[in-house]
Each structure stands twice: as structure tokens, then as C-alpha cells.
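This is the structure I have questions about; it appears just below.
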Amino acid sequence: MKTKVAYFGESWFNPAQEALRLKGTEAMKANPTIDWDNSFVPIDHQYKGLLVSENPELLADKEWQLATFNADVQGMNNSDIVVAMYDPKMENSDPGVVWELGYAYGLHKAVYVVLPDEVEEDMNLMPAMGATQIMKVSDLATFDFNKGVYAIFDGAVY
Amino acid sequence: MKTKVAYFGESWFNPAQEALRLKGTEAMKANPTIDWDNSFVPIDHQYKGLLVSENPELLADKEWQLATFNADVQGMNNSDIVVAMYDPKMENSDPGVVWELGYAYGLHKAVYVVLPDEVEEDMNLMPAMGATQIMKVSDLATFDFNKGVYAIFDGAVY
Amino acid sequence: MKTKVAYFGESWFNPAQEALRLKGTEAMKANPTIDWDNSFVPIDHQYKGLLVSENPELLADKEWQLATFNADVQGMNNSDIVVAMYDPKMENSDPGVVWELGYAYGLHKAVYVVLPDEVEEDMNLMPAMGATQIMKVSDLATFDFNKGVYAIFDGAVY
Amino acid sequence: MKTKVAYFGESWFNPAQEALRLKGTEAMKANPTIDWDNSFVPIDHQYKGLLVSENPELLADKEWQLATFNADVQGMNNSDIVVAMYDPKMENSDPGVVWELGYAYGLHKAVYVVLPDEVEEDMNLMPAMGATQIMKVSDLATFDFNKGVYAIFDGAVY
Amino acid sequence: MKTKVAYFGESWFNPAQEALRLKGTEAMKANPTIDWDNSFVPIDHQYKGLLVSENPELLADKEWQLATFNADVQGMNNSDIVVAMYDPKMENSDPGVVWELGYAYGLHKAVYVVLPDEVEEDMNLMPAMGATQIMKVSDLATFDFNKGVYAIFDGAVY
Amino acid sequence: MKTKVAYFGESWFNPAQEALRLKGTEAMKANPTIDWDNSFVPIDHQYKGLLVSENPELLADKEWQLATFNADVQGMNNSDIVVAMYDPKMENSDPGVVWELGYAYGLHKAVYVVLPDEVEEDMNLMPAMGATQIMKVSDLATFDFNKGVYAIFDGAVY
């Protein structure tokens, strides 16, 4: 079976994000249409292996900032598709992931948004309409990423 | 003096966003390097003149969603630059504006992020590094948009 | 053997177009370098499964128009190559297919134009020079799409 | 008043096309928002000044074909907007113009389609939805090209 | 008269390059179709104002390298055209300028190559064919950059 | 194992370039992550099979120039990655290869630069920072091209 190399959009700044990230990681590993080994996982490619959460001095380190940004951008450029774990709840909505959704759309790349199962929030219009498909995380493991078919988000937007 | 046609990134979903939007609008009108008359202001181009805030049934109207999304995307395509009012505070960070920052960067377009004066929050790495310049709203009226020079954000990122 | 995911440019508005479409479909299915199962066939992705030919009220339905257009555009974005059935005879030349050829060229994507075997018409300069290769439909089943090599159209143009 | 540099999409292969081309040319010259002197008019930039209609041997001249194609493509690249005279009647629909509409859309460029006044034909979905605005030729002289606002075609499509 | 904002491709690594750079600078300042004040001149935008030639330790400074690279790339993104001083003589051919010519062509941007007057070298095929126009530096001051017309290099290539 | 289709950047204008080209060719053939059969090798796609080195009259043949240029550009467009043999020594630095590196970066494509083993020259900033990875030719046969991860050049730049 064919497999796609994904850029894995993910957030790790609060427990809800972390929970979605871990569920999503398991589902991606289980998905037979994903080439997980060659996929780009941002947390594994922070410059020099340093995470801001453990090295707060990086917050102001321009070399770290530029190198990590460029690596993430190239990670998207060099992947077949973007699959982003995204929780639209205001306190969980990660601007990094949303920026990546817009960037990938601008590159005419297939973009998949993966929501938590229990989400009841509406989504913003731009990431909602700009996605190739939007799904719940419990559907991620069995989704067929080999079919790049546009399906309009059927939830509510603001 | 030369002037630039801007796509004006803006949010109107809570009072803090609304305050920044109004301050930003005044500053853009006052800026001699901005062609405000020909700039694209999203709130003025909602499909058929309908706003979700006043017409909640639009939340689920696919025609309105698609037409408004396409109009916003074309608004960015057809502008010289993107100037976005953006408050990085979690409760004010608008995913629509952040998506637009990523999209415009993907199109190799100049992107300017305008923060509230009083902001003390760090910014996410992607919108911070992906901006041509980042400024406070009180500097907006006098900023020279004719010089598209990259200046790295000097604040902290996460 | 490697296979390519194609966007299948096709027309179904008159018998000559329909005949070419059906011959082309058979050839694509037979071609060992095409991943037909994952290819995008526009007639299978009309919004809500509705065809204008059977539902003439769609001619003026904005939601159907926008959703079908966006789906076709994403179909091209998310495919490896575009393979278009195209008859340059004035009465068979489908503007939809020609628009797609131009769009795909603008995205730096490989574009293959498949002509009817019996065509004696010249081609317009733009779709002719903008194609990676141009072939007759009887050559389609055995063409090797894994080699993306440019070969200038050897017919006449206007 | 600001002016836009246009790529002028035009056809000269039959009398109806020629009539539309001439009307459109007059209207463009009269439009105060168009920089006609610097606009790109394809018929003026055929390679070495040679037209196929007067030099039929060019039909098969590869140097002429490549050079004219590349010049037209650069003409679009280097213009602010594309303004195309287009008659959707089957016998007048020029594949060259339609290809250019698709190409320009792929480049995220503003695309304006100008129809004959008397047209009663439906338009194909792709050029109709992919246009920033569609107008009649009698409205061309007074249209404000400084506002790049998307307006969905209000006619019927197929 | 309208003016274009240029990215000024330039080299300062040997006396021949320096001489061409200075002649080109004077000509650009004299050209009435160039907006020199808003044009991007790389030597003026080295990160923190530091030049490698005077600060050899920058050769290995990753922050300086990344920030200067990103600024140059944005300089091209945010300019109307690229005008590059380029000497094809092997010992004067600057890879930085040539890279920029390729990058700008990939962005569908107008690219002008300015040669020394006395050059007798052939040019490489890629920068030669990928340029909108190629001229001698003595013609630069009076060239009309408002007309983005493709003219094939009439010299020899290898 | 998955394989990538490469555009093979190469030079054959002096013995040092020729030696690197041959070493690189062997390494690419040996690399299990490269699909060499479907990769684009420019020297094999000169228009009509003619090489300038053996047919010096091509230096001034516009048809040959345009057709070879367009074929090389399409070769990059239609490949997964660009792998370029590049010697930064002034007398070996090929402007054609450097132009291709810039072009491919502009298309958001993964770019790999392969240096001679013995190189002691610094690299120019633009091709150095614009590369996904830079390696020595003796590492080429075993490099894993399935992982498109950005790694900043660790040598010196000018």
C-alpha cells in the first residue's frame, strides 16, 4: 500500500494539547497510509535538540529561533501532506499550528485538520474552509490519506 | 508619496480584539504610505454584507462560508502587503488572522504584525519569525511601508 | 512499478468529448504507471454527487458552483500529474479542461495532453507549449508517466 | 489616480473575436485605472513581429513557438492584473485566453473576464469561478481596477 | 513617471565586481523608472550592519548567516523586480547573484541581468534564458523598467 | 524501500567538474533511496541530443537554447528533489547549477548540495543557507533522501 510522508502539526504547551498530540501520534503510527518513519515531527527537530520548555533562555535566542523556524518550514515543504492536531477551544488553539495550516494552503498542499473527539467549539472560517478534510482524532488511524479529496467542513464556523 | 494596498487582518469577536481593530483602522487611515481606499478590509466584504455575529444562521451556511473564504483569500492575493492586527494573548489570539499570516508568507508576500501597545505575552515562533516586521499599534501610523525590509522580532517566542 | 496519482481532465458535454473521455478512462486504467484508484476523476466529485446535466437548476446554484470549483482545484493540487483528454476541434474544445492545463502549468506541475487519434486540427500555442508531453489516446495505455520529460509538441499551432 | 499594468488577453482568429478585441482595446485605453502604455498586448509581442495569420509557415516553427510562448508567460508574470476579452460562445471561445486565465489564477493573480455585451451563453465553471470579477465590455471603460475584490459570477455555469 | 522597487543584485568580493557594482549603483540612481530610495541593496542590510569582509568571524556565525539569508530572500520577495549586476567571467561570476536570479525566476518575478560593457564571455544557458532582459551597464541608466517585456539574450550561451 | 526521483544538477565544462559529475553519478546509482531510472539527468536531455561541446554552432541557436532551457526547468518541476554536484572553487563553480539551486528553493523543493571531498573553499551564503542539506560526495551513496530534514551548513560562508 502506498504511504504519504506527513508534516505532523502538533502542540505541547498545555495538557489538553499534549493529550491530543499523543493520541494523534499513536493514530498516525497505526495508519497504514502514513509513512511515519519519514514524516516530520517538529518536537524531534528543535534546533540542537533543545526545547523551549526545558531551556527557557531559548525564548530570546535568535539563532535558535531562526534555525527552528527554517527547519519547520522546510519540514512542510518536503512532506507530501500536512496533518495537524488542532483543538479550536480558545485556550488550546495553538497559533503555531494555525500558521502552518495557512502556509501549507498557500503552497497548494493537502491539509488535514484533526480535532479532539469531544470538541464542541465552532471553528474559525479560514482554517475550516482551507482544509482538504477535517476529522476527529478517533477517525485518524483508519483515514485513507491516499485520496486527496476536498470535503467541506460540516460543522459551524465563525 | 507612494502608497501600498493592504489586506487588513482584523478580528471582532471580543472587546479587546475590537479595540485593537479600531485603533489599527485609525492608524492605517493616518499612515501616508497606505492606500486605505483600495485596501481590503474583511469586515466590509462578508458575503452579501452579512456578518455571523448578527446572523448566527450563517454559522452553518455553506454558500456564505465558501464565498467569504474565497473573497478573503483573493483579498490577500490582490493586495501588495498584509498588515494584521494581532494580540498574542491566548484569549485574544484569532486563528483567522494567524492563518492569514501563514498563507501570505507562503505566497512570498510582505507581512506586518501589529501588536497592542500593552502586550506582555510572548509570541509563537511561526508568526513571529514569518513576519517581515512586528510593531506596536502606536507605531503604525508613522511606519514606512514602502521599505519591505526584514527585521527579526526582538521579543521572546515560544 | 511506481505509479502516479493523476488529475483526470475530462469533458462530457457532447458525444465526441464523451467518446474521448471513455477511451481515455480505459487507457488510464490499463496504464501500469497510473494509480487510477487514487486518481481524481472530476465527474465522480461533483458536489453532493449532482451533475449539471441531470440537475439544470445547479447552473445557478452558488453553493454547488463554489464547492465543485474548490474540489476540482484541490484535486489538481493533491495529484502528482494532470492528464487531460482534449480535443482541439473548436466544437469539442472544453474551456474547463484548458483552464486546468493553464492552472497546473502555473503550479509547475507535469501536464499531459491526450488528443483523439483522428485529430487534424492545429492546437493553440499556449496549451501546446505549456504541456510536458502531448500524445494520441491510442498511446495513452502504454505511456510511461514515471519519466517527467519535456518534449515539444511536433504538430502545428496557431 | 493609481493605475494597473494589465496583461491584455485577446484573440484575433475570427471576426467576432476581432470585434471584441477592438472594443476592449478602446475601453482599456479610456479606463483611467489602467496603465495602457505599459500593459502587455500579445499581438504586439509575437516573436520577431511575425503573426501566424500572415506567416503560416510559423505554424511549425519551433523557435517562434517557444519564444512567443515564453514572452506571453512573462507578460503575465510581469503585469499587475490579467484582463481578458472572452466570448464563451463555442465558436469564439479561444483556448489561448482560457489557458491564460487558469495560469494567472494559479499564480494568485487578479483575473478579470470581459464578455461581449450580447452574450447569452453560459460559462464553464472553471474560468467563471476562477475570476476575480466578470463584466460586460460596455462596463470596461469605467471599471475600477484598483479594487481587487472578488465578486462571484452571477450568470449560469456548466 | 512610475517607478519600480528593485532588489539590487550585487557583489563586492573582488575589484572587477566592485567596479561593476559602483557603476550599476550610479546608473540605478540616475534611472527615472527606478525607485532607488525604496529599493533593497544587500550590502546595506547585512545583519546588525556587519560585513564578512570586515568581520571574518561571521564566516562561521550561524545567527548572522541565517538572518542575512532570510533578509535577502525577503528583499527579493518584497521588491517589484530584480536587477542584478553580473559579470559572467569565471573569476567574477558570483554564485550569490546567480542563485538570486534562479530564485526570482522561480517566483515568476521580472529579472534583469546587467553585464559589464566590455564582457566577451558567453553566458551559462540558465541565467541567460531565465532573464526577462539582459543589458550592458552603460544602457542601465536609460532602460525603461516599466515595460516587463521578455527579450531573448542575443549573445552566445554554453 | 521508497525512492525519490531526482533532478541531477551537473556540470561538464572542465575536468574537475567532470570528475565530480562521474563520482556523483556512480553514488546516485548506488544509493538505495534514489530512483535513478526516472531521475532527470540534464546531459541526457539536451535538445535533439546535441551538446554544445560537440556542436559549437548551438551557442547561438535560439531554438536549441529555448528548448534545452525549458526542458531543464520542467525536469526540476517534475522531480521530487534536486541533488546538485557543486564545487565552490571559483574556477569550478558552475552558474547553471547555482541558478538551479535558487530556482528549486523558490519552488519550495528539497535541495541537496554535494561537494567534492577535498573542497576547502568557503561557500557563498545563498546556496549554502538555501540548501536542505550539504554533504561530501563520498557520503552521497549512503545518504537517506527519504528524510527531508533541514540541517544548516556547518562550514564557513562568504
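Every chain is named by a letter (A, B, C, D, E and F) in the order it is written, and numbering of its residues begins at 1.
Assume a residue touches a chain if its C-beta (ideal position, glycine included) is under 8 Å from a C-beta of that chain, and two chains touch if they have at least 3 such contacts.
If you're wondering where the values come from, they're calculated on a predicted model, not measured in any experiment.
Undergrad: Could you work out how far the Cα centre of subunit E sits from that of subunit F, in whole Å?
TA: Measuring from centre to centre gives 23 Å for this pair.
Undergrad: At what distance in angstrom does the C-alpha mean of subunit F lie from that of subunit A?
TA: Taking the average C-alpha coordinate of subunit A and of subunit F, the gap between them is 32 Å.
Undergrad: If you average the CA atoms of subunit A and of subunit D, how many Å lie between those two points?
TA: The mean C-alpha positions of subunit A and subunit D differ by 40 Å.
Undergrad: Can you list every residue of subunit E that touches 2 or more other chains, as numbers and ranges?
TA: 62, 66-67, 70, 107, 152
Undergrad: Which category does the touching pattern between chains fall into here: line, ring, star, complete, or other?
TA: Graph shape here is other: it fits none of the named patterns.
Undergrad: For this entry, which pairs of chains touch?
TA: Result for touching pairs of chains: A-B, A-C, A-E, A-F, B-C, B-D, B-E, C-D, C-F, D-E, D-F, E-F.
Undergrad: Can you tell me which positions in subunit A touch subunit B when the two form their complex?
TA: 13, 52, 59-60, 62, 65-66, 68-69, 72, 88, 90-91, 93-96, 98-107, 122-130, 152-153, 156-158
Undergrad: Given the complex with subunit C, which residues does subunit B contribute to the contact?
TA: Interface residues on subunit B, with respect to subunit C: 62-63, 66-67, 70.
Undergrad: Mind pulling up the subunit D residues that touch subunit B in the complex?
TA: 2, 108-110, 132, 146-150, 152
Undergrad: Would you mind writing out the residues of subunit A in touch with subunit F in their complex?
TA: Those in contact with subunit F are residues 3, 5, 35, 37-38, 40, 45, 67, 70-71, 74-75, 77-79, 107.
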